[in-house]
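These notes open a run of structures that come right after.
Below, chain A partners chain B and then partners chain C, in two separate complexes.
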Partner chain A sequence: MATFFGEVLSVYSRAVEEDDDDLDDENEDEQIHREIEEKREVHIAWCPEVAQSLEDSGSNKLQCSDLIIAVGTNAAGFLSAYVLNTESWDAVGHVSLWNERSRGSSRQSIALLPGEPACLFYRHRDNPAVLVCQSTCYIAEDQLFQWTEKVFGCLQKRGLSVMVLSDSPVAEYKTPDYLYGSAVPFLRSLKSSASESQALCPALEQPNILTGLPAAVLSHCQVHQIPAVLYQCYTDVISPDSITMETYKPALLCLSKLVKGQPCCPVLNPR
Partner chain B sequence: MMFVAAECTPTSFKDFTLIMPAISVGNVGQLAVDLIVSTLNMCRVGYIHTDCLIPMAGNNPYATFAENANDLSTNAEVYSSPELRLAVLQIRTPVVQTKSKKFCKLMVSWIKASGFSRTVVLSSSHAYQRDDQQLLGTPLRYLQTPSMQKVTGDRLKEMEWKEMETVSTFPGVTDSEQRLYIPGGGATKGLFTDSCAEDIPLVVVLIFCSEGDNIPDAFTLLNHLNTWLHLVDAPAQTQPKWRIPASWRLLFGSGIPPALF
Partner chain C sequence: MAARYDRAITVFSPDGHLFQVEYAQEAVKKGSTAVGIRGKDIVVLGVEKKSVAKLQEERTVRKICALDDHVCMAFAGLTADARIVINRARVECQSHRLTVEDPVTVEYITRHIATLKQRYTQSNGRRPFGISALIVGFDCDGTPRLYQTDPSGTYHAWKANAIGRSAKTVREFLEKNYTEESIATDNDAIKLAIKALLEVVQSGGKNIELAVIRRNQSLKLLESKEIETLVTEIEKEKEEEAEKKKPKKST
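Entry: the complex of A and B
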């Protein structure tokens, strides 16, 4: 469109991409699309023990009573410091995927470097029906549904209960009153209709929404009537931060009945 | 099958009218659908669970009191009003870029399998792409599939609705073939052409608009639709009253820090 001074600007829409009315693909394009789709596939690699359990189960599903998923470095850090800090957890698997921001190889033989963004599964040694997942790698929009279907596809639905801890920048929190610094970080919760648990913090008010992996997991639980509760921590710090991690402490009330480890104070960069 | 019922009892949509939005410029179709669900107090009966849409979750966008405020909502849900024999699909997130074709096919096959007597797609198109003729008169247009033509006959023409014009495939070349062109309409054209191919009675109602505050466009589109479907009664010479849902708060951001001034 032309502007007041005569230069031509391209108009963009927040809703639609341009050139999407030309949907005719050549055969070559189809092959390229197929190859890209294969490259972007989500793969779950389980340790031999768990892979064997899956095979032995007959339905190719693990019995799981509690699945705890941490999305983001602070949520993952909270679990590392307060839950996974005892000797009772075994690393049992990881998800590998490739996208523009997560260049992890989709070949399962490459070992993960420590500190690398990743998606790891841990299982409690004394209570193998409890699984923890720490997800710190970026999962693209087109991979979220696949991640969720593949992970939940390995778990028996009956008796399953899910908890999600998720980091979010406070800049994305919409509120009519300006949020002063002292109010941040804070927790908000969401739960699926099948969940009967008491929320330990206020519910996420409209018009705020969840996106990304937390949204994909909660939507899956809602549609499949799996009890699920999510705690979203809004923080103004991007990097791992002990005060942000401590904000998740109310979730320990639900987790402490699953784990016997004593929560200890993490030694991290003070604010 | 991507429709998942919310309750255990199966829902039948046989002979219902379906209203659904296209994700299009200004999100006008989606805003209009929000107004319909909110005003008619429609009940959620199911979800569209598919890898074609970007995931999203949040609390009940149509909450009217504390008790129903905490029902979780997902990115694509189906609402129903059995008394009006009306079903409404709301889609809240964009279609994943590479899955547009698949999405159209899935939607068309769901519509066919559900037995809707007619489907209305609410959509919009870039106002800046209008030609000289389109700049004059009403910004509202419609399109109907041949199967829909059999159901409604000339009703829409008699109501003086304007059919969406086609464009020349090769502009400037005389006797060039005409084709359908809906810039900014998202999956509208795909849904329409697939519905023609599958003999589905479907009508597209769209408005020319630009990005911005598109609430007035949603009202215009919906009032126009109401003159045909009479979803809400309106006394003569007045516009119907639509209820704005709670989720429309803060559309343009949070409160401003007082220290800024």
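Entry: the complex of A and C
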């Protein structure tokens, strides 16, 4: 469309339909989309013993009474320091996936380098129904559902209870009151309706919401009526930080019930 | 700590990524290969063509499109996105002729396409185009040109380049084999394009589509017979080379 001043504006009419008989090309577009989707699939790799137990179980599910998931470096650090610090834990599996932020190792071995973002599973030797998952890699929004379905698909639903520890920046915490510096870091909790556990910290107030893996897990537990409790730690430090990790200590009350006989369970220091 | 940096593509992640642009580049990497060669008096575009079923009618290539009489482009990536870019480019070519009374230079139309692509990396609610393009043609002064654009909106001039699925392999081949001698004649340039594609295309000539523009002529698509003839020539030349290299068994 030529205008009065000689400039030419592009005007597009939605009434004009492109002739759409190039099926070949559409097939290629579909193929491209499909290949990208396949690349984004979530894969769980279990160690041989666990893979064998899954096969032997008949229903392809593991017996699991407690699943503890740590999302974020501080939650994972807390578990490493206070729970996984003994010899009684075995690395039994990992989740590998690819997205733009987790280019993901195609390495098949379970032993990933320390510090590398990953999603690892540990099982207690004396009580193999207790599973711990440390997730420090970024899981994209389109992969969260797959992750949850695949992980929970390996576990028996009956008798299962879940605890999630998750890091969050305090900048995302919404409150009408002013947050004093000394109040940070702090814990907030959220439970599924099936959970009967006592609150160890105040519940997460509205309008705050969970996102990402913790939200996906809790949603799954709510839908499938699995008792689940989540502890979200709001902190002002992005990197791994010991004070932030210590904030998760109240969760040890529940954890120490599971892992009796832990020689190095630290004495709780109530805040 | 998962704050979202790819919801609105205008936002940089803390480590400087534009993830939507990177997703688009993934789509390009999965598209069929295209190669472009700049000769002395000719520019050549070749694309990998999917195999056609036995009884299916041979379709005219859709991946090489004329933008004007003297400019054409090939793309790798999502065809649906390419259509939009091609239409806008075609309109711009004619608009330029009417306003400025001159045909576009290859660089001008490449810059127009690149600017369009860049705009889509900085607008809320839109995603980048999932295509890379090879744009070839001749300017008014008779200079042959080859440009490449990518989803981020950057563009560069090339002597020879490849985009799409096996771009790396083809580019390495071109780096080894693109010399002044190898593109001395028009035919040499065409053969170089075919040789480059043969590196990565399965089952040879029938999976290649080729287009050329010669100086002061418009886009010409090669017929499959012509391509087959050239492929046969190339294979013969290869055999002759191999023969020469064989150690002589004489005393």
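Methods note: the second predicted complex is superposed on the first by the 227 of 271 C-alpha atoms of A that agree within 3 Å, B and C clash if a C-alpha of one lies under 4 Å from a C-alpha of the other, contacts with A are read in each partner's own complex, and residues count from 1 in each chain.
One rule holds for everything that comes next: a residue touches a chain if its C-beta (ideal position, glycine included) is under 8 Å from a C-beta of that chain, and two chains touch if they have at least 3 such contacts.
A quick note: this is a predicted structure, and the numbers were derived from the prediction, not measured.
The partner that reaches more residues of chain A, of the two candidates chain B and chain C, is B. In the overlay built on the shared chain, the residue A:101 is in contact with chain C alone; chain B does not reach it. Of the two partner chains, chain B and chain C are each touched by A:212.
In the superposition on chain A, A:35 makes contact with chain C only, not with chain B. In the overlay built on the shared chain, the residue A:203 is in contact with chain B alone; chain C does not reach it.
By the document's definition of touching, of the two partners only chain B reaches A:176; chain C does not. Judged by the touch definition given at the top, the superposed model places A:138 against chain C, while chain B stays out of reach.
In the superposed model, A:192 makes contact with chain B only, not with chain C.
Touched by chain B in one complex and by chain C in the other are residues 18, 33, 36, 141, 211-212 of chain A.
Listing the residues of chain A that touch chain B in their complex gives 1, 11-18, 20-21, 23, 33, 36-37, 141-142, 144-146, 148-149, 173-179, 190-193, 203-212, 214-216, 218-220, 222-224. Chain B makes touch with chain A in their complex at residues 4, 23-27, 47, 49-51, 54-61, 63, 69-72, 74-75, 94, 96-101, 126, 128, 181-186, 189-190, 210-211, 246-251, 253-258.
Contact residues on chain C toward chain A in their complex (touch as defined above): 1-4, 6, 13, 17, 19, 22-23, 26-27, 30-32, 50, 59, 62-63, 77-80, 83, 88, 91-92, 95, 98-99, 130.
By the touch criterion given at the top, residues 2, 6-8, 10, 18, 22, 24-29, 31-33, 35-36, 39, 72-73, 100-101, 138, 141, 167-169, 172, 211-213, 238 of chain A touch chain C in their complex.
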